[in-house]
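Chains here go by letter, A, B, C, D and E, matching the order in which they are written, and residues are numbered from 1 within each.
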Amino acid sequence: MQVTEYKPLIVAFCCNWCSYAGADLAGNNRLAYPADVKIIRVPCSCRVNPTFILRAFQRGADGVIICGCHPGDCHYTSGNYYTRRRMALLFSMLDYLGIERERTRVEWVSAAEGAKFAATMNDFVSTVAALGENKRLEDLRCKK
Amino acid sequence: MQRIGVFVCHCGTNIAGTVDVKAVAEALQYEPGVVISKEYQYMCSQAGQDLIKEAIKENNLTGIVVCSCSPRMHEATFRKTAAAAGLNPYMVEIANIREQCSWVHKDIPTGTEKAIILGKAAVAKVNLNAPLTPGESPVTKRALVIGGGIAGIQTALDIADAGFPVDIVETKPTIGGKMAQLDKTFPTLDCAACILTPKMVDVAQNDKVRIFSYSEVTDVSGFVGNFEVTIKRRARYVKEDICTGCGLCTEKCPQKKVPNEFNLGMDNRRAIYIPFAQAVPKVATIDPDYCTMLKSGKCGVCSKVCTVGAIDYQAKDEYLTEKYGAIVVATGFNPISMEKFDEFAYSQSKDVITSLELERLMNAAGPTGGTLLRPSDGEHPHTIVFVQCVGSRCASCAEKGKEYCSKICCMYTAKHAMLIRDKYPDTDVYVFYIDVRTPGKNFDEFYRRAVEEYGVHYIKGMVGKVSPEGNKLKVRASDLIDGKQLHIDADLVVLAAAIEPDKSARPLATMLTASMDTNDFFTEAHPKLRPVESPTAGVFLSGACQGPKDIPETVSQAGAAASKVIGLLCKDKLTGNPCVAHSDEWMCNGCSTCEKVCPYGAITYQDKEFRMPDRTVKVRRVASVNEAVCQGCGACTVACMSGAMNLKGFTNQQIMAEVDAICK
Amino acid sequence: MENKNERRKEQILRMSGVNPKKCMRCGKCSGTCPSYDEMEYHPHQFVSMVESGDLEPLMSSPSIYKCLSCFACVDRCPRNVEPAKLIEALRLTVIREKGANHLLADQIPALLDEEMPQQAIVSAMRKYSK
Amino acid sequence: MQEITRNALVEKASALLADGTVGRVLAWKRGEFDYDVTPAVFQTAEELARDLVWNDFCGANFSKYLIKETEKSDEKVLVFLKPCDTYSFNQLLTEHRFNREKVYVIGVPCAGMLDVEKVKKSAEGIASITEDSDKIVIETLFDGALTLDRASLLAERCINCKSKKHTAYDELLGEDGEVLDSARFDEVAAIEAMTPDERFAFWQNELSRCIRCNACRNVCPACTCEKCVFDNPASGLENKAASDSFEEKMFHIIRAFHVVGRCTDCGECSRVCPQQIPLHLLNRKFIKDIDNFYGEYQAGAEVGSRAPIVDYTTEDLEPNEAVERGDDNA
Amino acid sequence: MRKISLANLDALFAAIAAEETLYLPQDTEKGAVYAEWCEGATLSNALNTVRSPKDFFFPQTENLMDFKVEGKSIEIIDTRKECEDFVIFGVRACDVRSFEVLDRVFLSEPVDTYYKNRRDHGVIISMACTRPAETCFCQTFGIDAAAPEGDIVCHKTEDTLYLDAKTEKGETLLARLSALTEECDTSAVEAQQALIRERMAKLPLANLSASDFGADKTMEFFNRPEWKELSQSCLGCGTCTFVCPTCQCYDIKDFDTGHGIKRFRCWDSCMYSEFTRMAHGNNRLTQVERFRQRFMHKLVYYPTNNDGLFSCVGCGRCLAKCPINMNIVKVMKTLGGKDNG
């Protein structure tokens, strides 16, 4: 496989109760993942507005991942079920507009899944790195 | 414009080892709004906190960013620090540069660069923070306990003892629950009825407690401190306040062929019945499925024999609505169905029974008057096989068994084996087990006594097959220690059936918006630290509805739930979480979308008068959030197209500022 | 040697698709096995011995041919361990390592009698051939 | 050819004005040219007799006007709704946008509306347009008369008409139709079948023409926010610039997302776009996905239904699968 | 006057494009648009483009300057680039007039240097209309579609293109093209002009009169009750303003890119509720007021400040594109009914 030098910028939205705790656990266990991942804490994955995702792409993000509690485990009972529908529709739309589907992802990471968090981030970063720079949803004004 | 202080923690070398903390502090001091940026060895230490407090006072800071460990670790600490220095605690943001930076990245340049970005994001957020104050709501000083088993009874008694009125809703005609069906209790072998019935009487006589038996909860609205609950009182066709419980009607009723659920269908009762002698309330109930008077209008015997005129064939279901400050769920458990375990022949042979059925067979008030007789032929069984873990710890098929350990079976089986050997020394008792789990006070001693003193054959291994042959039950099992397969001709096989939450729990959870796990056990707010609270504020858990429990555990959890309820009801007002949704009424178009997604029913709509810019007055339908109910998930904020709904502490603007800062 | 055994174990687990770690040592498989008394090693032992890498004794034991492949153990195992599949994989490993079928197709007619059920012939082919 | 005549509408409206059932009438008003029709409020029978028009160019959907119109006074408003308009009507009621009691709905059957752009493409300098059963006769300024098939001039939304059935009315003129089996998703499927690069090129070409005039939003019966996020400086999204391709994509994705489960596919957005961007293809993609992922759902088919975007089941497909699923549809 | 055979049009375009960027109307599936000429591109026969040519001088969005923030210091960066010469070919009489309307706004003191820069470098080659549309009413504002203004004026007949330079800029360009063109008399052009004028007279809006409107008529029209009825179906979208060749309102905003600020301006529309929003809020609160503003500006305010010149040129774009078909013609007919039958 070709070694890519591209360092992507990844925005990860993590729900406070599961995935953010999962990320903390990955830290506690010193499970490394690329520093390209920057986490934003939200109370629940259902707090993530599609606008935030587009905004991230506009400002130069190359990939956006949303992490929440596993379906059925939402701290707020049903938040991640709404996330699931919203993002299914949004991702399908982005794909329809010809935007690389690999740039967006939803993963369910529980507070106990530090290893899964790190593995997911490693995988996502390498997937996005292979795609290279986000050109289809970029805002030229935001380029340096 | 905010005046922000940035405080970068070394956390010893935990952070400083991979992050150049000085560089971080330096880089952040030029961010908009930042007036001071410092680093220190341990920010969470007293000295570190003092440093923050001083900086707040000296620089008149309006907000602070602490670059340190996870907010899950010390956000509360630093909020208190800020509050102590006179700053609103919600003007604090944490940049997680330990768990999500120094601990997962290896080299200093990378770690430092990321820490700076995380710090910038936190600064960008604080720039848009606003001081938040938690809202207040009054508390209705009355509790509801759903379920009248030992858990519910104990909780109700404890709450009533503290002086608060409490109502018990029980679906059965009597309270008492599963414990009332038990014979003896481990590990002391007290008679269950002897210790339970006095409590039932206590509860019945306590003037703070109302018992709604033969009733169910049909609707719950409101929120912690202010629930409004609709209770359906099913028609029992007997006037509860008049019936003396003399029992004459239950003797005269001509309909004798009604399976007696209290004895698990092993004998019959009448169509008008009192479940058992010590029932509370001790009043008769007519079973409308069997009463010929109710079904065809012919009979009326009970009405004729009743000396006080308590029978009322015209009775209807009644609904009553009551306000409560707290709700305790104590819906209990049931053994799972054994129908699907073909290998144990439960459906084929009457002599394969469950442990609960055995309890009734051994109970003096049971169908056999306490003599252990085979259900098929009424003979005395000589060889009895107990099978442990039937449907428990079962990963294979979800529709058959349960993945969890049912917890109580090891001990009650030891109890059964011991009692049988004690009463009928001529019987051979085999217990097939996978593990014997006895973590409890005097539990292991109890189990050892069964083996050592009572001569119960404990065999490590599992029964593979039970096949009825003639009047015997051929049991094939393995003995893993001796390395042989056993073939036993048994007279009675007792299955330790897994237990599952009562079926009423799931619809109830929906009404309460309380969460459940995949097995339909209620989820606790925290599995270790808040075991008797549901994540839904004001809803508490008591007994087996939360997970399998034995009686001592149930009673102690019942007490714990009661003390939580008392703690809540003692308050005159509740303060909430200030990070709640807020509707901008000028922006709201009244579409009701947010109302649909709110899992707590925290959003309501009302028509309000607005003075429009052109000086006209207009009535508009707008959303308003009940801050005491809102838990702050934010589902509504995304559902709201116009952006009228926002989440305090996590506003659209704050999150976008974080995005912008990260994507610089 | 160590390596060969490890490879073998890995292959057996892969072929059978069984994860012996799921076993909770209840012995229901052995309790249910109709061939129990014929066997030197019993179904639950197969599971635990494969897990501990103790393959040689199993492979040289006639027990592997005593399993009827009736799948009672598979059906009743509360943890979905599927011992019969493990035994079958062991059997296959033995036959493959021998380099020849234990039973050749043309040997079969001589062994047939009228009483023999079709099922037995089919399962015998599976059991004794690569 | 529309089944109901203009005079029938005028008579009906005049009668209801006369007997006091309604105080005003929302209907189409004739303009300078035969294709020039403006939504208007009529107060008197004289105005109706003079100016009301009902022809092949009465595409405008009145549902949204009801929000403003019902607030003006306590009188009832008479509104003429075509079948597709009634879906928007119901959806607005679902969202409590106006008081049903203040509206008197007359359902008008619709034989499909003509696309003015198609008409103008086939003839320059239009003097008049007349109908002759299934033919349209266009009298031009310089080239004499042209006779064209009516079907060839139908608007895309009418070719793919989803329903001839009125989902709401107080009174119906003529016969009600049926919900149709339309091929409206074919175009979406064709785009789905493209490669990602082709799809990107397609939309880049379409959306880059956007001039941010907001006609699509302002005409949309689902866009009834008190203040649109794109007009609200506090939202962080406000931007009038048609600066580079991102802003338009952002605008159209978010706009489509905001009407998910609420868009009735009335097609007004595409009709009014001065740059002829096929905006309905965005909304229809969402509708198609909803049908595929969560079961068929037609916004506005009834009042009070819960849109799939604000609903869920525990068995819903995962977002990452949703994209895969899109492929299978292609 | 010079002429060139239509067969040689490509050569003419190539000669222009050799030194200046040449834009001309080209057909697309969705109507004619101005696009840069390149080998093989053909001139559209459409009457006019969907969007007006005002973009060339007053683009929809334009970056004005950048700010760079470094620590506590702010640096202002002038992002203006020297504009290169360009030629717009085929501008109709109405659109040519629109440049005069824009000039009076942008070139009066203080001069808009961004606009002037482009205006100085642009050469306008106009084209007389032969087949006006039913939506045309340029003659209402004294524009002669048969004799447009411009640096070079063109007439296209069946087989020939006639070119006539009207300004110094035009003469320089035409001189450069002299090898391709030949001198001719004006007879063919005059014949065509007669035909055009005859056609113009027959247009449905030929008799539309603006005589009631004009400078200093504010009080006559401002409080007319008809505004309410006229505006009641207005959606408040910006279509009319954005397709209009003379609408010149813009908004200036700062865009934070995360690593600097870009100050840009973009077209704005008086139809928008946020138009000219100030600290105290909006000065035109209702759509009636916003609607009235647009037409009062075109027909009264602008003439008042600009020697009676109307800021409508009768191109008909708003008639064609308004989603609800409300337009200046209907406004004029309703309010200025004296001469409009």
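Just so we're on the same page, contacts are C-beta pairs under 8 Å (C-beta built on N, C-alpha and C of every residue); 3 or more make two chains touch, one makes a residue touch a chain.
If you're wondering where the values come from, they're calculated on a predicted model, not measured in any experiment.
Trainee: Taking each chain's centre as the mean of its C-alpha atoms, which one ends up farthest from the centre of chain D?
Mentor: That would be chain C.
Trainee: With contacts defined as at the top, give the pair, D-E or B-D, that has more of them.
Mentor: More contacting C-beta pairs are found at D-E.
Trainee: Which chain's mean C-alpha position is the greatest distance from chain E's?
Mentor: Greatest centre separation from chain E goes to chain C.
Trainee: Taking the mean of all protein CA atoms as the centre, name the chain whose own CA mean is closest to it.
Mentor: A
Trainee: Taking the mean of the CA coordinates per chain, how far is chain B from chain D in Å?
Mentor: Their C-alpha centroids are separated by 50 Å.
Trainee: Using Cα averages as centroids, what's the distance between chain A and chain B in whole Å?
Mentor: 33
Trainee: At what distance in angstrom does the C-alpha mean of chain C lie from that of chain A?
Mentor: That gives a centre separation of 46 Å.
Trainee: When you check chain B against every other chain, which residues touch at least two of them?
Mentor: Residues 597, 639, 652, 656, 660, 663-664.
Trainee: Using the touch rule from the top of the page, what residues of chain E touch 2 or more other chains?
Mentor: In chain E, the residues touching two or more other chains are 255, 258-259.
Trainee: By the touch rule stated above, which residues of chain C touch at least two different other chains?
Mentor: If we look for residues of chain C contacting two or more partner chains, we find none.
Trainee: Any two chains that touch count here, so list every such pair.
Mentor: Chains touch in the following pairs: A-B, A-D, A-E, B-C, B-D, B-E, D-E.
Trainee: Which of the residues in chain B end up touching chain A in this complex?
Mentor: 70-73, 96, 98-101, 103-106, 110-111, 113-114, 117-118, 121, 513, 515, 517-518, 535, 579, 597, 599-600, 631-635, 637-639, 647, 650, 652, 655-656, 658-660, 662-664
Trainee: Provide the residue numbers of chain C that touch chain B in the complex, in ascending order.
Mentor: 22, 24-33, 36-37, 42, 44, 72-73, 75-80
Trainee: Going by the contact rule set out above, which residues of chain B touch chain D in the complex?
Mentor: 586-593, 596-597, 605, 618, 621, 639, 641-644, 652-653, 656
Trainee: For chain D, which residues are in contact with chain E within the complex?
Mentor: Interface residues on the chain D side: 31-33, 36-41, 60, 65, 120, 124-127, 141-142, 209, 211-215, 217-219, 227, 231, 233, 238-243, 268, 271-272, 274-276.
Trainee: Given the complex with chain B, which residues does chain E contribute to the contact?
Mentor: Checking each residue of chain E against chain B gives 71-72, 256, 258-259, 281-282, 285-286.
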